[in-house]
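We just call them A, B, C and D in the order they show up, numbering each chain from 1.
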Amino acid sequence: MALFRNSLTYVWLFLVGTTLVSWWLGATTAVADIDASALSLNFTVTVGIILIAVVKTRFVIWHFMEVRHGPSWLRWTCDSWLAFLAVMVIALYRYSM
Amino acid sequence: MLSGDGAAIERVPDFEMADQQTQSRARFPGQPAMWFFVIGDLWIFTCYFACYAFDRGQHSAGFLQGQLTLSQGIGVFNTILLLTSSLLVAFCVQAAREGATALARRLLLLGGGCGIVFLLVKASEWYLKISTGLPEGSDSFFVYYFMLTGLHFLHVCLGLVILALVFRELKKAGPPHVAFVESGAIYWHLVDLLWIIIFALLYLLR
Amino acid sequence: MQTKDQRICLWIAPFFGLLFVFAFWNFQGFFPPMSPTMSAEEVAAFYRDHLGHIRSSMILCNVIGVSLIPFFTVIVVQMMRMNNASRVFSYSYLIAVINGGTLFALADLAWLNAAYRPDRDPQLTMLLNDLAWFAFITPVGFVLVQNFCLAMAVYLDKGPAPIFPRWVAHFNIVTALLMAPSAFALMYKTGPLAWDGAISFWLHIATYALYIAVMFFVLRSAVQKQADEETMLQSSWKEQTA
Amino acid sequence: MTGATLASIAGGESRKGRLLSNPKLDQWICFWSIPVFYILFGVIFVLLGRIMPPPTPTMSTENIIAFMTSPNLSLAVVLLALSLGMYALNSGLMLTQMKRMVGVSPVLRYAYIAVLGVGGLPGCLFPGYMFALGAFRPEYDPEILAMLYDLGFLCFVGSLGCFIIQYVVFTIAVFLDKRGIFPKWLGYFSIWTLVTELVATPVFITQTGPYAWDGLLSFYQGTLIWVAWQTSVTICLYQAIKNQPLEELGLPLKENEL
């Protein structure tokens, strides 16, 4: 069936895979009780999770929203927004911790 | 069921060729007004995420407390559900571009169905959360939780309305208005995209 | 367009006007008006002494509170018939009428609530009494816009036979200006601008009553003119077909 | 209305001695009342009354009494009582342009009228009266003053329902309109204002943080997007009036259509 050999299906598989990875990453520390040592681990985990989310979002924008065929200004706007979001969330979280 | 009726099968081979074709020339997906809305919506949600990140940093213990009561399993299931519905809607756009409106309509129905299941799962999650009561000290987390998931819930509802309009468009005789179908799909992908970020920030963040 | 319905709406106004006069006369707090300088105990005492009058008159006011709306909608219909360039003034007039109507209801409810339990803490009774007087005297913004819209519509009525004579526009502007200063009753407790003062109360009520009366007669002649036009139209139509 | 009157309207320039002979004079009057109203709105709420940006919900009673007895709070409410009617002119103009839309039935206009009839009071005048009551008698007990303070701000920042429905009706009208009197992106813009109004719902629950009535998300973001929306609506209204064809003016009214 052409639908399964379509490039979008591979993108979908990738996205589901990364979701499971970030779940595994986020879940493992749930067992560890919350104490100072776990907190430092938390930050690396947090950055990991946010980066995974950013990568997933970029894939959705480029492949599902077909921005990869779109004009360059649209590509640039979406990417710069995504970068700004990631940097800002990580910075705010780190700064206010 | 996905194979569609006889007419769709002959046209399926050039389905892939269409895929290569689109790569060659730059083409503006959907209508500009929809992009105006999508980009603006992203910025509005950016403000919410910024406030959430800042508050999360300040009293992270309370947020962790609240977050532990959320079940990540349901969150992951919801994420995969919306990803699947996004895939189906993307296939629907490609089918519509090919003129296989019958196949496109079926894919759209499946995508919308996943969206409705997402709403039901989310509503039941809220109901469980409210009935079991919120752990004290984490109510600031739950204001964010209900606000972000609530707004996303409304976006999904609006998305379903737009998908219904696309479905009506595909029902018309003759070639469908492709830009309109693309815009509807772009909005649905926006909804999926927002959920990916909300899921990461609310459920997984440590 | 048949004008019988407009005549009915028109004749509603004097009937309810009389009821209003009776209700205001029966409400001891109007003649002479309660002064804002009364202390909380005096206000509470006033409510205890005149409980029967206050309740009866305010219940009547509640019933007929919004009865002048049909009268104002007749004005809107006549404004629709003017050949201005667009209906913007009629729409604005209608929205101002809706807003104005709801405020008198708020005032009336505040009085009734104050009179419901006279043995409340006097300060609460005074608070409700103040709110009632504010909502009754001070919302002149809507009347200003109403009269302004009617005046502009009449000025810009370029038709061969204008619906309203031009002096009606001047009259509307003057009444609006006379009622405008009563908004300052929010600030002053004594003097002519207080809510029991000469300008804010007596001038306001007298101007409003005069306005309704004069507009009633103007509208009656306008509706009559419209009826004559229609009969003339029908008679000429019958001649052609006969 | 015969053709003669139509000509007289369109040929206004030829009439000698008419100073303002612009055929769309009535719409321009209402149009220029919009900036005047919003300047007054700014003076009333920001400069005089210091109601916008709102003080914190967790204010001590002395500050509340100080806020209530601030000298020109009641003057602000007086100006509000005088000028609130101008919003009706703005709405009348919107309705006139909505009447020109093709494919939009009058039901949306009637809904718009009804919603605007309701919207102005709980959102603007009623909070004003609460502050005026506090300013009128500062000798009330502190709890009564605190109650007036809360009632005023909760009504002012929290009255959402009527404005949400106004945006919904306007969005539907813009999307259904086939003549494109208002651009489609304006329809999407009012969806945002609708979203930001919804974000203000927790105003009634929390007293601190970004969702309180002075919070970053429920007040500042909502006001910012509302100001941007109102500016873009005013610009689009200007365009709509300017390129309204002259022969459309002075059309006779269909029998039963408002």
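Everything that follows uses one rule, which is that contacts are C-beta pairs under 8 Å (C-beta built on N, C-alpha and C of every residue); 3 or more make two chains touch, one makes a residue touch a chain.
Note that the coordinates shown come from a computational prediction; the quantities given were computed from them, not determined experimentally.
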Chain whose averaged C-alpha position falls nearest the assembly-wide average: D
Interchain centroid distance [CA atoms averaged], chain A/chain B, Å: 15
Chain C-chain D separation of Cα centroids, rounded to whole Å: 23
Chain centre separation in whole Å, for chain C relative to chain A (CA means): 63
Inter-chain centre distance, chain A versus chain D - centres from mean C-alpha coordinates, in Å: 41
Multi-partner residues of chain C (each touching 2 or more other chains): none
Overlap residues in chain B, where contacts from two or more other chains coincide: 55
Where chain D touches two or more other chains at once, by residue number: none
Chain contact topology (line, ring, star, complete or other): line
Touching pairs - complete list by chain label: A-B, B-D, C-D
Interface residues, chain B side, partner chain D - complex: 31-34, 36-37, 40-41, 44, 47-48, 51, 55, 140, 143, 147, 150-151, 154, 158
Partner chain A, residues of chain B touching it in the complex: 2-3, 12-13, 15-16, 19, 22-23, 25-29, 35, 39, 42-43, 46, 49-50, 53-58, 60-61, 64, 68, 72, 75-76, 79-80, 83-84, 86-87, 90-91, 93-94, 182, 185-186, 189-190, 192-193, 196-197, 199-201, 203-206
Interfacial residue positions of chain C with respect to chain D in the complex: 1, 36, 80-81, 83-96, 98-99, 102-103, 106, 123-124, 126-127, 130-131, 134-135, 138-146, 149, 152-153, 156, 158-160, 180, 183-184, 186-187, 189
Chain D to chain C touching residues, read off their complex: 1, 4-5, 8-9, 23-27, 29-30, 74-75, 77-78, 80-86, 88-89, 91-93, 95-96, 99, 113-114, 116-118, 120-121, 125-126, 129, 132-133, 136-137, 140-141, 144, 148, 249-250, 252-253, 255, 258
Sites on chain D touched by chain B in the complex: 183-185, 187-189, 191-192, 195-196, 198-199, 202, 205-206, 209-211, 216-217, 221, 225
